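Comments concern the structure below.
Each chain carries a letter (A, B, C and D) given by its place in the written order, and its residues are counted from 1.
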Amino acid sequence: MHDIAVIGAGRIGKIHAANASAHPRIRLKYIVDPVADAAQSLASATGASVASLDEVLADPSVAGVVIASSTDTHLDYSLRAIGSGKAVFCEKPIDLDLQKARAAAPALGGGAPLFLGFNRRFDPNFRRLYDRINSGEMGRLETLHIISHDPAPPPIDYVRVSGGMFKDMTIHDFDMARWLLGEEPVDVYAAGAAVVDPKIAEAGDIDTAKIILRTASGRICVISNSRRSGYGYDQRIEAFCAGGLLRAGNMLSSTVESWTECGARGEPLQNFFLDRYAQAYREEMTHFAEILDGAKPLVGYEDGVAALAIAEAAMDSHLAASVVSMTS
Amino acid sequence: MHDIAVIGAGRIGKIHAANASAHPRIRLKYIVDPVADAAQSLASATGASVASLDEVLADPSVAGVVIASSTDTHLDYSLRAIGSGKAVFCEKPIDLDLQKARAAAPALGGGAPLFLGFNRRFDPNFRRLYDRINSGEMGRLETLHIISHDPAPPPIDYVRVSGGMFKDMTIHDFDMARWLLGEEPVDVYAAGAAVVDPKIAEAGDIDTAKIILRTASGRICVISNSRRSGYGYDQRIEAFCAGGLLRAGNMLSSTVESWTECGARGEPLQNFFLDRYAQAYREEMTHFAEILDGAKPLVGYEDGVAALAIAEAAMDSHLAASVVSMTS
Amino acid sequence: MHDIAVIGAGRIGKIHAANASAHPRIRLKYIVDPVADAAQSLASATGASVASLDEVLADPSVAGVVIASSTDTHLDYSLRAIGSGKAVFCEKPIDLDLQKARAAAPALGGGAPLFLGFNRRFDPNFRRLYDRINSGEMGRLETLHIISHDPAPPPIDYVRVSGGMFKDMTIHDFDMARWLLGEEPVDVYAAGAAVVDPKIAEAGDIDTAKIILRTASGRICVISNSRRSGYGYDQRIEAFCAGGLLRAGNMLSSTVESWTECGARGEPLQNFFLDRYAQAYREEMTHFAEILDGAKPLVGYEDGVAALAIAEAAMDSHLAASVVSMTS
Amino acid sequence: MHDIAVIGAGRIGKIHAANASAHPRIRLKYIVDPVADAAQSLASATGASVASLDEVLADPSVAGVVIASSTDTHLDYSLRAIGSGKAVFCEKPIDLDLQKARAAAPALGGGAPLFLGFNRRFDPNFRRLYDRINSGEMGRLETLHIISHDPAPPPIDYVRVSGGMFKDMTIHDFDMARWLLGEEPVDVYAAGAAVVDPKIAEAGDIDTAKIILRTASGRICVISNSRRSGYGYDQRIEAFCAGGLLRAGNMLSSTVESWTECGARGEPLQNFFLDRYAQAYREEMTHFAEILDGAKPLVGYEDGVAALAIAEAAMDSHLAASVVSMTS
């Protein structure tokens, strides 16, 4: 049994708190949030206490903290928690500033472990895809297609502080690309557009992108992103291998179909990440329990920095309308 | 090159005439139909001449006839054509009267060949299913499900002369069951109902049925029939074998799908038999060419009688609400 | 928070104990099992104590009991628990003896509630199917197909005490038929066979059956059962309505597909009931919490008796090879 | 009835000759091929005569010619036929040399019509996709994914004279992109690789590519190409629109599925273009008949030049590893 705290009582903090409180090997001791009502409400629902981050870090019984607060606090809180000897399970992204993130390397190395919450690596379907790619059953992976389209754009106020689509949304896909390809890109070309909502363009961001990554060994990865699909949360991956194709499809809200004279219709896609990745979030908490038991994180700080670097290169590519090298 | 005649210029006669005229080894010489306009129109469209049945049977250049006239003429025309030494390709059913059909056996045996047009045996999907069942890859066939639902009921005037749903519609399924099971039923239970249209009940017929056939070796077959599906022409078969399942599904009108917030929707099923079995009708004509070359018909008079016998037993079962033995 | 006990520490008892201990509104207080090791092991895993049934029934803090012991104890334990004022969540079947089950009616009526665990009613897919049928979107339900094939037969020792396939396995399908049709059958025809394993025949049972139920309003239901599919746990339902078809399909173990020159292949079906109905078991426990809060059970003793009566009629039908009336 | 000639008795010439000879409004009069045996064999099979191109062009009864000879003859034969007043149905590509193709514009304008055989525009599935995109039911088309993977690479001798993958294979996809997007690309980025066969690299070509096209109005198109899929002929298109997704999938060789403990498996994809586009080739011949009746070609010389220009830009992009503008 490991005592932990959850920092942040917002949407994602609630998920992690519920999973922590239901986990047989974790005890959720504290909730931390500057909004007192939010903290108290989540603490009540999960049987935890409200505390400040200082109190949490000073409590020697606390083995780890889940950092689910706003993005601008991720790196700072991670550094403080690791400085206090607490294991960290930090939501993505590690930071929006690549240089700042890189500068933290010395302070983050060698001490308590940092687990970065790229949820898709823990989705059972993508995990199964990863395992089958790496089993070699289909021969060498040659090219990869990742489709990640959100059902609808976030509020424009969120867009303004999000760091831009590449750092906020595509960063998941960059991590998936690195994980499934097993190597780093050598160059990036990103064709972006703002076609969904003119307010997004006014905020200096894009809502649609197609990206090509190339690796040193000649593999090519295509990523497709949209902030609005019109049909739910589209999360598909196709791995083209020498011997054939391995692909992971969408999850539907049920297996029911209706057949009418208009054709057969399935049920809607699971609509967004809280549903689609509910199991992934549970698996993340189990992995955090393993880390508290001494295991090495399957995804960490370096992965966060690497994905962030691709996101910056993608933004450079989009703005310059040209290919950007990752090796210089 | 074989010269043939098509008897009947209605819906199914037009199909066979078009296929005959497009076939590289068949020459469509004559069209026969008591309705002069219909005969002339079809003859013009296919480059054939109009003739009477007597003229056709008297023409020594005619090697075979396709009998696509009304059901009550099938047996009589078949007997006359075979008596004249012409090969026969006769539409199903061979007759609506089992005793009359059985009585024709002596006259039909030993002379010119009779090919009975159970179209589904020539559908490439069901043929592939048959081949895979019989390849033994899945082990012994144990039970069989046949679903055959029409998109919408026929006109009530047709219902009145159809011989009843079992002889008109289910007879296809009885033939499929015999073909795929490779043995005859020993008993039949048919639960029928008229739920689609009260006029069908008034005409003394049913529009819905579920039927169980059992064979001597212990195989069990379920047939599901409806005169109205609400979603097109549903033609599916599932063959449960010792090692797994083999199934043949529906054909769609195209591969296009639309994904919206209501779910993914395929295109409608191919709507009815002229579309769904277009390829089967072409394959039938090719088989008739093979028969004219000397091949033995893959399906013949005996198959028509056997299916008709099951249809009569099914009607008896439905009327008595009890199981009817086929072996007594 | 409601204190409960789980009676039975076998396969299904473990499921219910784990779900009870994870449930936010239920506290698992006791485990009861005559095998001391099994009871102790499950109690340790779930934080409960070991007790005898007498101790459980005598403890006024216990609000309800989950009866997951062997089938021959279901009715007796239910009667004792209800006699002690405890709410009951009893696994199916209520008993194997229809007369004995019916005789218990006076003792079971009016006191503490009895919730009978027909798990499929709580599966989200079948629940969604039920809701859509009853929404009327497709018009009147006319006929129903239920396929329930197990991946592999149980041990022959289990078969011998199971009460026979109809009471042990098909009873789920009889319950689904009653639930989805919304009415009782008026007659039953069951064609059974033992083709999977001769030992099953030697034990006096069957392993394969196709069953037709008819209702007073003219609806027809087909049930297909097999003790061995060769391809996993096949759990499908098709509801043919006046306006089209509603169907619930199988759950796959992941969304990954492999495409090779042999064709596209999905992942295996979720293999058996512990996986396929994991969510249903959780929903059952939530429903038991609602019952402990005062709600009326969605499925109870009467449903168990009704399904048992159909199972007896089906066995009579199979043995006599004839249709059996349910109304006399 | 229009008399035509087919120039070229190779693989694609045989297809067009068979479709011409089966077409009710076309009479196949001549076959032209420098290989006398090939010409004679195809003429015998289709009831045509062997002739030289000069004889064909000099025969005033010939209304049109199908040019299915080697790529290096396409433009020359087209010019000669049009100069003789014959309507032309020319296989793609119009030529491998963009400057030469452009230079032919004056000679090809205003005289007899030239129909360029981009077969995919006549595939019923892609035609249906086009119609549904343009119906507006899904709102504005925003981005497009085209997947076109061949089952296996062509012989290396063919690769050497093919003009390179972009002009030989991707040219179909460039045409589909122009047709479905309804506008021209403004820039192109092509990431190519030779991973399938080192001999292809030695021949100076690639076998794998991912390409991004951008249009003036901000639409983005991704094309994926491979000379070897390992699983058959993969021909899929996804059209992401403001209101949802429209997609066209692959055609299977039959609807049969097998379900085993390894999962459900469909039948293989239709393996290559002769099967996959058999219907498209028939529709092309019907369109040629319409052109001979006076209709304007749905796809012509200008489309061939435009697709060739994109292919050249793609090759430039691949070689320079940079984005290439199409507007300068």
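Everything that follows uses one rule, which is that a contact is a pair of C-beta atoms (placed from the backbone, for glycine too) under 8 Å apart; a residue touches a chain by one contact, two chains touch by 3 or more.
Note that this is a predicted model, so its numbers are computed, not measured.
The greater number of contacting C-beta pairs, out of the two interfaces A-B and B-D, is seen for B-D.
The chain with its Cα centroid farthest from the Cα centroid of chain C is D. Rounded to whole angstrom units, the spacing between the C-alpha centres of chain B and chain D is 40. For the pair chain A and chain B, the distance between C-alpha centroids works out to 58 Å. Annotation for chain B: residues 138, 229-231, 234, 243-245, 259-261, 267 touch two or more other chains. Residue ranges on chain D touching chain C, taken from their complex, read 151, 229-232, 234, 252, 259-269.
Of all the residues in chain D, the ones that touch chain B in their complex are 22, 124-125, 128-129, 132, 137-138, 243-251, 254-261, 267. Interface residues of chain C facing chain B in the complex, by the touch rule stated above, are 138-139, 142-143, 145, 149, 187, 189, 191, 193, 195-196, 208-210, 212, 214, 218-220, 222, 224, 226, 228-231, 234, 240-245, 321-323.
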